[in-house]
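Labels run A, B, C and D following the written order; every chain starts at residue 1.
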Amino acid sequence: MTTSRDHRVDLLAGWEHRAEWPLAIMATIFLAAYSFQILGHPDSVWPAVLRVVLLVSWAAFAVDYVVRLAIAPQRLRWFVRHLFDLAVVVLPMLRPLRLVSLVVLVGALQKAIGGAIRGKVIVYTAASSVLLIYVASLAVYDAERGHAGATITSFGDAVWWSFVTVTTVGYGDFAPVSITGRIVAVLLMIGGISLIGVITATIASWIVQRVAEEDDAERAATAAEIRELRDEIRSLRDDLGIRANTGRQ
Amino acid sequence: MTTSRDHRVDLLAGWEHRAEWPLAIMATIFLAAYSFQILGHPDSVWPAVLRVVLLVSWAAFAVDYVVRLAIAPQRLRWFVRHLFDLAVVVLPMLRPLRLVSLVVLVGALQKAIGGAIRGKVIVYTAASSVLLIYVASLAVYDAERGHAGATITSFGDAVWWSFVTVTTVGYGDFAPVSITGRIVAVLLMIGGISLIGVITATIASWIVQRVAEEDDAERAATAAEIRELRDEIRSLRDDLGIRANTGRQ
Amino acid sequence: MTTSRDHRVDLLAGWEHRAEWPLAIMATIFLAAYSFQILGHPDSVWPAVLRVVLLVSWAAFAVDYVVRLAIAPQRLRWFVRHLFDLAVVVLPMLRPLRLVSLVVLVGALQKAIGGAIRGKVIVYTAASSVLLIYVASLAVYDAERGHAGATITSFGDAVWWSFVTVTTVGYGDFAPVSITGRIVAVLLMIGGISLIGVITATIASWIVQRVAEEDDAERAATAAEIRELRDEIRSLRDDLGIRANTGRQ
Amino acid sequence: MTTSRDHRVDLLAGWEHRAEWPLAIMATIFLAAYSFQILGHPDSVWPAVLRVVLLVSWAAFAVDYVVRLAIAPQRLRWFVRHLFDLAVVVLPMLRPLRLVSLVVLVGALQKAIGGAIRGKVIVYTAASSVLLIYVASLAVYDAERGHAGATITSFGDAVWWSFVTVTTVGYGDFAPVSITGRIVAVLLMIGGISLIGVITATIASWIVQRVAEEDDAERAATAAEIRELRDEIRSLRDDLGIRANTGRQ
């Protein structure tokens, strides 16, 4: 049983590795088509083409979800932990939310770049924020423009509203009135709080490290120093003419 | 005296253990009845039934409070630290606040699930947030709907307002005007700030750990490494032919 | 010179110790008189009495400032670090700000209670927040009520506005329009940001500690464990029959 | 190649060291001229003089950018990491953003003052905040005052709006309507989030340290204590009559 489970863990990891770049490319195409559909001229001759492109890219994500669910070693646990993925794939009315899966692309780029944890976190946060604001602006603009009593009536206003929301400033000069627009807003707010959390945490980790470096008497002992100490003891043992774990003097 | 105090500590812990699930079930019934009372048809034939259910569940919490106060080893200290519990039980006008005790349910579920601290914190935070937003929406809708000049006049608007408030965005498109509504709002804001705090703190703890794992020379020495070092010294002593604490060579 | 400077450090500490309670009592009287002056009936027969009380309590703070400046060992440095104290004492138009010195009272209470750092931080934060909101409400109400175009026209609205501001929610249903009101608002916002910072930091410190306790292999080595290790080495030395620092075998 | 690269690193560091004060002075002159241009009487006879001063100080920053890019050892990496500097120098329409380089002055002052990390962070944060708010107020006032439908029509309102924005309160009583004004607003919001992050992180670092100091059994072992332990082992070795790394007994 354990071998069978290990096999499945390997299978899942393999699939996720192979599917990463195709899905990232698919998501980019999806974003482009979605942007064009919303921001392009309404009397464009392309609507049929766009609809096909959106359908194909959607299908790619649906297939990915089904395959991963089928492979997953602990299917129920995987299902519970990926409820958001399901919502994004299944509900046709929540089309904009599907775009959130685009952060896959950021993750892929991140791996290509490499670097220290704190640098990675900064790049990832910046990229996610830009993507989140762009997608949220598209989605809220799409949801609001046809709605009675809407204040967000141009894409520029939607971008401005996204910035005001994600930073939790919330002037209230623009606010969504449609259900879809408000769902997008709530996701954007949650993104904003996480964004603030990540920024604060990164700064905190940096300050804690600098304070530690400054004062040696306050600095926590490092693993390297402990290793040095062990070497000291081992050399003492050596000097006493004892060979470790083999015999007694 | 110490034995008597220890006995009381045991008693209190025992009561809290035994009362946990009954109270959680009571709180769920209370929430259901409260929801039905506010969101159900006003010309419902159930009002009398609901009133009895609410009274019974309220009584359960009152009994729990009195029993815990009677058992508590340091009664005055317990009283000061549980002032909020008292306010929730005693004041009839603050009925909605009583529902905050529903987080007991989350705590109980949490224990049933188990898992690592950071995972627990995430589940607890998510569950508390959903519950807080739902209860606050009910309470503010109940407080505002009959009030002159109120802007929050539907349950949907109340939910939207709760999200805007708890994330500290605060557009101002909806804002409570009644005293009760504003008290609910203040509690929601405090909940929101704590929510942001918990999210930031969890991310910070994660980043600090990842930064530490990345660089061995920067990582704090762990208790496990110290134990390893002690074993090294003990084995040195062994090799020298000394039996610990018993005699000299 | 060092002795003279040490003497002055002792003098300053002594003065601050002796002046603590008198100043706390003075500040309480000041707050009571200030509250009465703003919230009491305008046709009260007490205005003259109140004015005298306010003047006397103000004088107490002025004397305290001058004495501390005179005693301080590094007068220039003390002056730079206590610029806020100066502003509060000197500028008659900033009367409400003087009340911020009331947190002295919280500090005094804190010392009387004692307890662990994290508990202290919580009590101090809660007390400061309540005081800050009350004083800011009084000050903004006083500044706004006579002003043309003001929206904050009752003390209840001022309290509500203070909560909305200090939590950085900022609905915008009420906002100060006078210069004094806006200065109070800015101080309240700074207080609010600090409040969020303290809450987040306290939670973060708690989570980091719990994560550490959970996993012994991840937990940082403690000073106690290092001490244990030293005892181990010393006992080894003892067993080898060596007397520390006195001679060789 | 390594020597050539080392040489360039030295060159860059040397340039930055020598250019620091001239640039700081230039930035101060720039800020003064910019302030005068916006807040001075429109019918002033000085416009030509101001324009020349602004041009010269702008040229200084452009020269600094070009020189640094030419010297930089890894030119592409330097270019990517200093994209913001480029935007500030190149785009004539983003003139206000150029003023952000004024934080150079704070950095220079900081070095002159010296002190502990946490103190430095506080001074730097306070100075940056004041500068950011002042510059943002100037820029938004300049962008909005001529715009149709603008609410920010006096410098006082602009300062008030800056405080409301940077603290993420966002009442919405004032909000920019022009593109430039909104870009300034977004930068101010990002500054505000960073500000909150720095304050929280500083408080967190302080609380973590105080909690550690309070409980010796919980406190992380310090590097100093490890050093003490090593001395103990070395003295043991000494007492055993072994000379380190030279021979055996």
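Note that in this section a contact is a pair of C-beta atoms (placed from the backbone, for glycine too) under 8 Å apart; a residue touches a chain by one contact, two chains touch by 3 or more.
Chain by chain, the UniProt names read as follows: A, B, C, D = Putative ion transport protein.
The structure displayed is predicted, hence computed values, not measured ones.
Chain centres here are means of the Cα atoms, and by that rule the chain farthest away from chain A is C.
The angle of the rotation carrying chain C onto chain D, fitted on C-alpha atoms and rounded to the nearest 5, is 90°.
Rounded to whole angstrom units, the spacing between the C-alpha centres of chain A and chain D is 28.
If each chain is reduced to the centroid of its CA atoms, chain B and chain D end up 39 Å from each other.
Annotation for chain B: residues 168-172, 196, 200, 202, 204, 208, 220-222, 225-226, 229, 233, 236, 240 touch two or more other chains.
For chain A in complex with chain B, the residues that touch the partner chain are 116-118, 121, 165, 168-172, 175, 179, 182, 185-186, 189-190, 192-194, 196-198, 200-202, 204-205, 208-209, 220-226, 229-230, 233-234, 236-237, 240, 242, 244-245, 248-249. For chain C in complex with chain A, the residues that touch the partner chain are 168-172, 200, 204, 220-221, 226.
The touching residues of chain D, counted against chain C in their complex, run 156, 160, 163-164, 167-173, 195-196, 199-200, 202-204, 206-208, 210-211, 214, 216-222, 225-226, 228-229, 232-233, 235-236, 239-241.
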